[in-house]
Amino acid sequence: MLRLEGITKIFGGLTALKDVSLSVTTGSITGIIGPNGAGKTTLFNIITGLYTQTSGDVYLNQKNISFFPPEVLAGIGLVRTFQNVELFGQMTVLENVMVGLHTKSHSGIFSCAFKMPGQIKEERYIREKALQWLEFTGMADLSGIQAENLPFGKGRLLEISRALAVEPRIILMDEPAAGLNSRETAGLAHLISRIRESGITVVLVEHDMELVMDICESIIVLNLGKKLTEGTPREIQENEAVIAAYLGDG
Amino acid sequence: MLGGMLTFFFLVIFGLPLAPSIILAILISTIVGITFERLAIRPLKNAKPIRLIIITIGASIFMRGAAMLIWGKDTHALPAFSGNDPLYIAQATILPQHLWIFAITILIIIASRLFFNHSIIGKAMRACAYNAQVASLVGIDVKIMVMLSFAVSAAIGSMAGIIIAPLTMTSYDVGIMLGLKGFCAVIIGGMSSGLGTVLGGLLLGLLEALGAGFISASYKDAIAFIILLLILFFRPEGLFKKKETERV
Amino acid sequence: MAIFISRKLKTMLKIKNINTYYGQVHALKNVSLHLTEGEIVTLIGANGAGKTTLLNSLSGIVPSRSGQILFNDTPINDLYAHQIVKMGISQVPEGRQVFKPLSVEDNLELGAYLYNRKRADKTETKKTGEMVYGLFPILKERRKQLAGTLSGGELQMLSIGRALMARPKLLLLDEPSMGLAPMVAQEIFQVIGNLSREKKTTILLVEQNARAALKLANRGYVLETGRLILEGTAASLLENKEVQRAYLGKDKKEIWER
Amino acid sequence: MTKEKRQILIFLIFALALLITPFFLQGSYYLNVLVFIGIHTMLAVALNLLLGYAGQISLGHAAFFGLGAYISGILTTRFSLDPWLVIVLAAVCAATIAFVIGFPILKLKGHYLAMATLGFGIIIYIIFNETVSWTGGPSGLSGIPSLHIGSWIFDNDLYNYYLIWIITLAVMLLSINLSQSRIGRALRAIHDSEVAARVMGINARVLKVQIFTVSAFISAIAGSLYAHTMTFIAPASFGFNFSVELVTMVVVGGLGSIYGSFLGAAILTILPEFLRFFHDFDIIIYGLLLIIINMFMPGGLISGLQSLAEIAAAKMKGKTRGDA
Amino acid sequence: MFKNLFRIIFTLLFFVLLAGAAVAAPPIKIGALFSVSGPASFLGEPERNTAQMMVEQINKAGGIKGRKLELIVYDTQADATKAVQAVNRLIKDDKVVAIIGPSTTGDSMAVIPVVEKAEIPLISCAAGIKITEPVKKWIFKTAQNDVLAVARIYQYMKEQKISKVAILTVSDGFGSSGREQLVLQSKDFGIEIISDETYGPADKDMTVQLTKIRGSAAQAIICWGTNPGPAIVARNAKQLGIKTPLYMSHGVSSKRFIELAGDGSEGIILPSGRVIVADQLPNADPQKKALLSYVNGYRKQYKVEGDHFGGHAWDAIMLLKRAIERGGDSPAAIRDELEKTKDFAGIGGTFNYSEQDHAGLTKDAFVLVQINQGDWKLIK
């Protein structure tokens, strides 16, 4: 589904990523792990169009999406969440998810201002759909709360709900478990599995190894900007190179 | 950044005997700068730039109003520092005040270069500008540094106002245009590059004069702002600064 | 269960039950630890375990919400970052954050920012400077260069050197090997070892590279999702399978949630 | 749904209150002040769409106001075109200019955006001032015809009041609609986090330019109406100071609130009337107001009023509950 | 804290409404619109001071036919919008019988439609020729037209055999109107404008324009503007070493100009109302009595020299007083009586209004003065 070929990214004189190639199969949950500074977030930013790579290409379903800006990527079904939770703080939970449905609606400024019949119908659709997604993530009862007043764990869930509202084919999550307690993490694991079951491919960068080992079918390890190895959780746990990368080779 | 905006606040009138009044004027405007920072900017530490801009505008209106009440609405002429008789150098004539401006500008540039490149406080200020958190980790009190930067920009701003006043005269509403053009010069030259700013200022003056000569003097200011727009559109990092690839 | 090596020496740093929050995230949960003069203690754990947060709480950047931090018996919880430096604690922040627009020399000079008032201090600073150049001869070679032009390893050296300029009693090192090639990382660790051996500097070393850190340290603590889960002598930790589990989550069922 | 109904009710009450106001102010000059409040409200709403919703500052909005006024003024006096036609023409013209400069200008952020819009405003101002043969230069352009429908001429305060306020109310209603639609949500999303908004598929760049264009369009209509009600225009009304005044209106009233814009416009239009008692202090009070409201009431006066109302409502509720 | 803020705001609002609803009082109400603050405050301030002083004097002397005058002054800030709001307030709320001001041509043009419709006489204190040309039924003015000032200068130049001039005008209402007249009348006097430059009202340096003029063959430079621009021109000219004689407009005929321009002002020639050279006038001059009374009165009350801007307000008040004395206090009567004004020797000149002329002055309203050792000297 998602394929990277020879991605290299140089910041100033610093090589953050060097010749990284990988692929993600449709309908899988893939984890990207690696020690701090390995280039995981940089890789995410390149895939989602926030950074431009120095060289290399990104393909989504055989289509080269290397230089697509994020808004276009959202339109063709690629969406992401953020490590630090980027909510629209001044808006309610429901409105946040409604923004997620932006690509699924088309009324222009004119029809919005004049409340054309089509727009009213569309608005109703957006609202219903958004509520559906909030139910999916179990947040429907919080829909009227202003997003910046949510507790952190709920904020994460909202961000995921909002991303789901884009109806993506593939969702990239940047450390979804960071800052969550163990119960929330367990809930998250369950949610991610359900997302996959609904046919969406999931890629996550995660530090919580319990989570990664638990739900990922395939894991890619980055170290010092290069791909170290890839494999199933068990393979990774037993791989000496990975253990060395994490624990040091002393 | 705010220094450019602040400059025009302090182009205000002070009309006592010359030498002591200049010192007093610089002192007072420095205090005003510090007060402004303490009362209006510091409480809003993490505010969005839009609110800072609006507060800055509010403060400038307020100070203009205060100046108008204290010194009246009339235009005042400041005596030149040393006489008004032009000097003749070859074909050109030049006023002693021009020499003063020239000398003081050079002095300020040299002083600020020395300050920022060779004094520990100056270096600490630059460190704060680059990365405030790490600066605090080496023992620099960031709050004091921010206050100091307001003080320095206020002092230099008022200094500029004072040296130019004998030529342009001064009144409560003078300075907006000058301040804005100062900002143009800074943008043309590139932020945080002292020499660039001076070159920017020179270039701006030159282009204005050329524009005035070839088109019409009445469009002088328009020319300045068109240049500003063009530079913002095409080279927001300034003409004389190398493009920096900063990791975001 | 802890084994204390140098009981006779004074306890320099004592952290009691601190809780720290990053915004809404509860990043440190009831963490307690202590450091004795002259020790190297390492704090290891996987990404996101809260190691950096602990250092930032210590140095006043992210103050803890509850608990107590005693440095030579003085509470320092409520001090600002710059005041803590004055107390004698210097942090080498993660990611080699030096002042890139300034020269190497200026960076070091700013490290000694606290000592710019008195003349006696200045001569002392000069000596410290010589010491740092002695530790890292490459910095002396490059002292006129802008810090932004240095390589990764050199940046890390400069970052450590800058912290040393404040003549700290306690040096906090945050992942000095992060993102460095193994050879370079090794060099850095060597210097840290020297510092402790020759200069008797007390060091709290945060590392992800557990093996290297434990080889260097006297004692170690293992942090997992904001909690201390293990402590002991470096040698005992090196042998402990639990450490590996904390990193890679192996055999998780047995030790899940304690 | 009840929320929506309540909003419609509020708007109807608001509109009704404004429409019957003249009966209490017959022959008073306050009617004239209210005409200006209407024009200023239109402008504040236009700027609020940009500043309050999309979070993009403009210190040059007086230029669009001026463009509307001058295009109307020039085309009706020098070419005797039909005023109604000219209003549309002027608005389209200003919107086109906004659209063209919008792309490069809205790429900028923060202080740079403020400076660029300010620069644009000053350039336009200088053009008004210097093209004497067209605009009459600094001493102004007089003899602009009043608007009329058939033989019904809008040349007194009462007629002008209804003309301006019906259009202003329409602008307010459309803006409220817009702010509660997907476009409004997208704008607020850009304001809160541009990156996240883009990831959600919002084309931030295009949308910002669109709203800038709409804002200019409304401002130009306000300008045209101003020209036709005043029948005289001079560049001094469209300078930097007025741009700042507009920003003040929006901020004082409340960023992101349409009714707030009305409140801000009303207060800033009436303020000078009673600041006359303070004589020369008005400019100081003006500056202080801007600082204080920004520091202590970031939501503006409207949110202050709202929270007061909520407190009152809560008290009432408490009482009734106590009774029951 | 917010609650208190609200309380203050609403209390203030309440007072405004009260003030607006005040009941009409017996005195004769006269409205005044002056740009007391803003860019044209140099006009508005002396005008307001003079008008207030005059009304005080008249009331002290028993008013007009036993009725006191009440002067209501609003500040227009030289902004058309504010001027229109203020004039509406004067007419509708204060119910004045006549209005003096505004100070600037722009403000005057802005309020004229309102005043004409309300049928209230207005005596403008601004100079622009557009105000009374074409003649509007209810509009008069006291400030000398720039037509006359230009004519006065050109006439003098012709006598001095100057035929090539450079003009340098400010791009505001005053300057652009002057420029128009300078260009228009040059042919009548056989004068050729060989250099035509402008500068902005807030400009601080005119060396560029002057350098261009220096390169031309001009025998004289005419600068048209109000303070502080011309003072800068004078300084710049001196600094460039320009020896060409410099002429200025009546816009700078106040002591302030000499102060601002310093040494640069020496030798400058300008047309002016007689007020600045009141004591140099021959005793036979019909205006001398009025002038001395104004100059001395103003100095006594405000401790500064009165100038001819204040004089415009003096004339306006006196014209009104005469009209009311003769015809009573209805707006229509005042208008009719104003139009009949003949040979009224005021500060700005000797006024003769008629159905065709609501400006009332001839070019004799101006004298030419030269600045000599920091003071005015009457040339002729």
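First chain written, first letter: the chains are A, B, C, D and E, and each begins at residue 1.
Note that a contact is a pair of C-beta atoms (placed from the backbone, for glycine too) under 8 Å apart; a residue touches a chain by one contact, two chains touch by 3 or more.
Since the structure is predicted, the reported quantities are computational estimates derived from the model, not experimental observations.
Novice: Taking a step as a move to a touching chain, how many steps at least join chain A to chain D?
Specialist: Tracing touching chains, the least step count from chain A to chain D comes to 1.
Novice: From the centre of chain B, which other chain's Cα mean sits the farthest off?
Specialist: When every chain centre is compared against chain B, the largest gap points to A.
Novice: Taking each chain's centre as the mean of its CA atoms, which one is most distant from chain E?
Specialist: Centre of mass proxy via C-alpha means gives C as farthest from chain E.
Novice: If I rank B-C and A-C by number of C-beta contact pairs, which comes first?
Specialist: Between B-C and A-C, the larger count of C-beta pairs in contact belongs to A-C.
Novice: When the centre of a chain is set as the mean of its C-alpha atoms, what distance in Å lies between chain B and chain D?
Specialist: 33
Novice: Please compute the C-alpha centroid of chain D, do the same for chain E, then give the distance between them in whole Å.
Specialist: 35
Novice: Need the CA-centroid distance for the pair chain C / chain E, whole Å please.
Specialist: Chain centres of chain C and chain E, defined by C-alpha means, are spaced 77 Å apart.
Novice: Indicate the whole-number Å distance between the mean C-alpha point of chain A and the mean C-alpha point of chain B.
Specialist: Roughly 46 Å, centre to centre.
Novice: Could you check chain E for residues that touch two or more other chains and list them?
Specialist: Chain E, residues with two or more chain partners: 37, 39, 171, 198, 200.
Novice: Scan chain C for residues touching two or more other chains and write them down.
Specialist: none
Novice: Counting only residues that touch at least two other chains, what does the list for chain B look like?
Specialist: Residues 68, 176, 216, 218, 221 of chain B each touch two or more of the other chains.
Novice: What does chain B use to touch chain C in their complex?
Specialist: Touching chain C: residues 120, 123-124, 126-127, 130-131, 133-142 of chain B.
Novice: Which stretch or stretches of chain B touch chain E in the complex?
Specialist: The touching residues are 68, 73-75, 77, 84-86, 88, 93-95, 164, 167-169, 171, 173-174, 176-178, 209, 212-213, 216-218, 220-221.
Novice: Given the complex with chain B, which residues does chain C contribute to the contact?
Specialist: 59-61, 80-82, 85-86, 90-91, 93, 97-102, 106, 109-111, 113-114, 116, 162-163, 165-166
Novice: Quick one: which bits of chain A touch chain D in the complex? Just the residue numbers, please.
Specialist: It is residues 48, 50, 69-71, 73-75, 79-80, 82, 86-91, 95, 98-103, 105, 107-109, 112-115, 119, 122-123, 126, 162-163, 166 of chain A that touch chain D.
Novice: Residue numbers of chain D touching chain E in their complex, please.
Specialist: 27-30, 32-33, 36, 126, 129-130, 132, 137-140, 142, 155-157, 226, 230-234, 236-237, 267, 270, 272-274, 276-277, 280, 283, 292, 296-297, 304-305, 308
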